[in-house]
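Order as written gives the chain letters A, B, C, D and E; numbering starts at 1 within each chain.
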């Protein structure tokens, strides 16, 4: 099985430049590819190598590099192996191509990434909000959105003051370290 | 008192109208919404609306230590929490290069199958309730509760066991647990004919569920359907066998399939999987006493645990389908990114929308329940 | 019968019906509980529910028609109770008859339709349209059965029907005389009571209890009262037509309770049919049986 | 797999079989809550006896549900590592994951099988609970999720420290301990739960949690920076500290404490000396204050004070009677424990900041105190305890009865003396071990065999020396006897010392806790010896003050009376280190800081 | 979310204000007692899974723990329901629906806060998407601790509520009318100042004689300012073919 994998991966390498691949074990392959070549690579993977199941699309925000990393996990029912195709695109303006015409499940993942990261996919059938329909803030999964700060700014907490605490405070004790202090 | 200060809307003279399913609706699994456009009883278009259970898990996990997240992950799928814990732990173990002791792997398999049993009992119980068959639901949930009792004994928690941590499991199996588990399996097996009589062979149910929400195998593959729903279209695919994890490759079990691709087939697949899970559990009960050794490999102090940089994609077969975690570590004490690929994120949105179109109003709830779509997995 | 007695009977008969109906509701819930392997509600649960609903502070009315609808729904059954002879009381049974009763029994559904229509909730509208369709379905065999029974007994007067059966002893009961019609009636009873598998019009999972969706407080209480009457009415009607009616309360009550118990038990082991399946089924088997039964009795 | 016959067309009446359940008993449970499983995760209890208030539970809690509450009346002792704080839990946050139980270093917190708590809106304060041994409602419930060995998330074992094997080390003065490798250090550092007990117990309040964290993060420079915030003698302390921190360490409650000393050593060794000097110089003021300060004694206390004061821009001169700096750290600690180049590195950091050390300058002989009083704005006396105490037993005035301190100094200075063939050390402290092991090395070098005996007053359960010292000394061939009180030094008719007679000890302290050893006269042993070394404590030589100043100063039982800042009754004179506070390096460092702060305050006022 | 959020109010303990008049007719008292008793014995529970704690409700409802023994039944629409179980965390999106639902329920109505999350944010205290302190937005009658509470704990809580109802203590639904301005204010802070619900609480308060000086205030004034003809709550769902370019 892995032999076949080798053969087609070699073929693939001849077709597309700028592909790096790395086999992690018999069922996991990591492929790094430039963003311009990714749709073609996926098309090859799907068409030639039976990787018909798009397991997931993950977006990772590498804010320090100013990039979004997109990882396409595709699975072949025949060779029983999973290829993770990694590509990086600039964080700004954050537009990329949809692969909906290759893999229909991409619609959900692309929509999800759009609302969570603000990354727009051209050609995706539906870029409307799904989960955050009533959210006006920035795309929350971006690293520059500090969820905890947002919470502290917008919410307040239950102010407990039970009798035992009052008693302790009378005796000179009381709260010393709040959980917020150690975070 | 008049109700609200609303004006009755004048609908345009048309047979078409819109109807909201949920979020507060018994035909919805969990807290989810679904809007359908109807012509008479036929659904013209359907639109899912999620986010009612959105907590921003992936964001929360980036802000917590690796080990703290084990308390968080089971919440992602409430009816079937164990695969979440196991999958997350597997991902970290892969990143950190931890060797899980064999005994822990077997205990994990045991939990996973217990959880699958519980989730399936819940799933077809819920499906039965959408067709008005409350007795099945009452039975199913009550029998599921017996499994939860065993979970409580094993893990200390009824629903959220928080029992798996990276490196293994948290406690040794209590004395006499396997015997009690074994007698529970006997009981469940003896209940299966009752369920058959009441539900799976019930002609009214079969009439009701046949050809409801049917999809072909090609459609299923195109839409990214996984798990029992895919097997109900005749494709024998199971992550446990085809991308094995833990000790599933040492276990003897079959992958039930059904040809129909409809709500009935999906339920029948679940029914057969009950049997297979019981079979696996019996093997585990038989093997576990002979596998000795630690139940956890040593892990660093959780407060100061830097998982080596890298990324891992681990997959687990949950009761709903393919569950996957993509975890990125930059070598810090917290994950840099965790992506949860909930199986229902396909089923509850695209597949549900596609299947609902052209179906009947009375079948919409059935379709959702037969897909066993779990909204918290979608919303996260 | 003096007018005074009549008035007392007219007052007493619905009251008795209500109390017995409460018992039937309790029985329904207890049967369900038992099959579902649980304990079930306390003895007085039905009356607690009704008092609670009438005792709600907020009573949301959707307008006059809404209120009239509920009054029709309950009133229709109250009227029906006065047409149903019970041991010791015959009320208006002499004046009415089984045909009148059949008409009166449709009033609640129509009243409900009026009331629900006012609520402007699509779920309610769908539910009520389903309910009326279902009524169409179960009324065909039901009318056939009534027709056959009337033919056999030679009268539509319920009091007379009872008298005829009681003269002949258990052998002369309708169920022995015309078993096929009795069977058909039992099947349509399932429809009249609106229990599974003919429960599609309330279907919580689809249309959120359909007609009841906007009902609250006393309106909901009205529906609960109506349910008591409904169970009682179908039980008594069936007993009257096929089980020799009531001689004494001691024999009458077991009869009516066991009549309604059968659909109740069936309700808990079947899911619900779709509307068209309801019609197909009810127009097929009960109608066929009823027609055969009719053929037998007409022969 | 048609293993189930559901596919054959069942009868429409099939489901009616279910009606058989009508006759069966319901499965419903009674209303009263069932007892939960043995390891159920219900509400918390906390054993206040065991709990030390380390707040580790608070740190592991992912829900920020734990608040530390100070409870007056509970024991509080930084030295033992006990705080009078206890965790209070917010059940509006808690998720009952049990991580607090698994990580608790003491094993005091656990979950019970109690799980019902209901309250009304105005009683919501009851959600904030201070778990005590009685549980949330004061009712007894069995323990549920409790600490087990499987579930314990605390790593109870230290990283093994590599040492030179006894055979290789017993004839030389090379350093014994290898020190951590970077990987070991990171693993060891990761054991820390950041409770801060070490910080509180440390005399000089080193920022141990911070530098351990930095080591764990792989940032040794940051660790050094944290170390230099409070201790300029870190090479020394990284090797020979008495480790009050490790006694207090909460991990040490049930297992080995975090090896804080070795971690400090690792951090210091991992950074080059030049870089350390740069780091130490951070925060030095860029002006000159114009104040002159004299410090007498280049030991840890004096040099620490010098370090602090020079960073404030003062002109600091240190007068040292001997020719090398370090004081007791150099002349009291054998080289195999503290290589001199490491000590020199520490001193170099201080001198590189601008401190001048005048060696071979004995105050009172070369320069008088009055000169210092006149020429300097402030004077610090930090001369330590340079004289050994005598047992004053019969025969102790023999010339072959030596004082350990002096002998150690001699060894360090390389001055020749006749190494005894057999020797007995009186005393059970670390100094006794030092001299015994040093002499043992010399014996091995010269005679090829070790004939050293240590006779300690204390029994092994209350031994003063560190256990590892005892172990290592034994490995090197030193015989250690416990509960032996010296009776007399035996001298033969030729005036040659032939041995020491000791008696068995019955008790050391009297009822009032005063030192008053009682011996069992019947249990007498004689230990042959060419030399007897007394190592029972040191005292200071205050002759440098001169008569006039000695008169002026206030004294307290033979020691200088100082205020809380280390200032004597003379406003310009401070005293620090062993001569005013107990003998160990880290106390001296702490004292140096204290005195420096006092002088700084004083100089500020004077301006 | 509006910008006014800076001045988050300090939580005040809200009291149910009792009207002075006491019924003197003994028969009326007996009747009141009967109604209260029936209320406590017949609680219709709204079938709404707002959060993960809802997973323990099916066991509590079904055969193993059988809530119907207490006269508790699930009901599917708010109109029919008496008790609203907030089962765990409420995302802001859900909270809007909960408030709509709550306002549509007929009083007397009772709210039960289940799980940690309804009290102080629970394990989602860091989450930007969930509301933290439920009683800021709705009056709550009974809290049940746990994450999630077991069915037995849920049933214990419900029995506690039953006692409260029959003894007349559970009257926090009145607070919603009597302190409407407070609750509305908190809702506006979270949902924006143009937040409104279809139910006219002020009119209901007038109708049922529950107006107090706390019913109206600056927030209700804001509500009236933004009041627009009401339609069903917008779900922000558009037909699929209408795509954004």
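Rule of thumb we're sticking to: contacts are C-beta pairs under 8 Å (C-beta built on N, C-alpha and C of every residue); 3 or more make two chains touch, one makes a residue touch a chain.
Keep in mind that what you see is a predicted model, and the values were worked out from it rather than measured.
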- Find out how few touching-chain steps suffice to connect subunit A with subunit B. 1
- Per CA centroids, the chain at the heart of the structure shown is B
- Query: Based on the averaged CA atom positions, which chain is farthest from subunit D?
  - Reply: C
- Message: Quick check: more C-beta contact pairs at B-D or at C-D?
- Response: B-D
- Query: So what's the Cα centroid distance for subunit A and subunit D, whole Å?
  - Reply: 48
- Message: Quick check: how many Å separate the C-alpha centres of subunit D and subunit E?
- Response: 57
- Determine the centre-to-centre distance between subunit A and subunit C, using the mean Cα coordinates as centres, and give it in whole Å. 59
- Item | Geometric centre distance via CA averages, subunit E-subunit A, whole Å | 37
- Can you tell me which residues of subunit B touch two or more of the remaining chains? 1, 3, 9, 25-26, 49, 51, 54, 56, 59-60, 63, 71-72, 135, 138-139, 142, 160, 198, 202, 204, 379
- Query: Out of subunit A, which residues touch more than one other chain, so two or more?
  - Reply: 132-134, 140, 145, 147-148, 158
- Item | subunit C: positions in contact with at least two other chains | 33, 35-39, 58-60, 204, 208, 214, 269-270
- Query: When you check every pair of chains, which ones turn out to touch?
  - Reply: A-B, A-D, A-E, B-C, B-D, B-E, C-D, C-E, D-E
- Item | Touching residues on subunit B, where the partner in the complex is subunit A | 48-51, 54, 56, 58-60, 63, 221-224, 226, 235, 237, 242-243, 311, 313, 315, 322, 324, 326, 328, 336-337, 339, 341, 345-346, 349-350, 378-379
- If you look only at subunit D, which of its residues touch subunit A in the complex? 55, 58-59, 61, 64-73, 84-85, 88, 90, 92-93, 124-128, 130
- Task: Would you pull the subunit D residues touching subunit B in the complex into a rising list?
- Result: 1, 3-7, 9-12, 14-15, 17-18, 27, 36-41, 56, 59-60, 62-63, 95-99, 102-103, 111, 144-145, 148, 150-151, 153-155, 187, 189-194, 213, 216-217
- Query: Quick one: in the complex, what on subunit C touches subunit E?
  - Reply: 29, 33, 36-42, 44-45, 47-49, 51-53, 55-60, 204, 208-209, 212-217, 220
- subunit E-facing residues of subunit B, complex: 1, 3-7, 9, 20, 23-26, 30-31, 33, 35, 37, 45, 47, 49, 51-56, 59-60, 63, 71-72, 75, 78-79, 122, 125, 137-139, 141-142, 144-145, 148, 158-160, 353, 376, 379
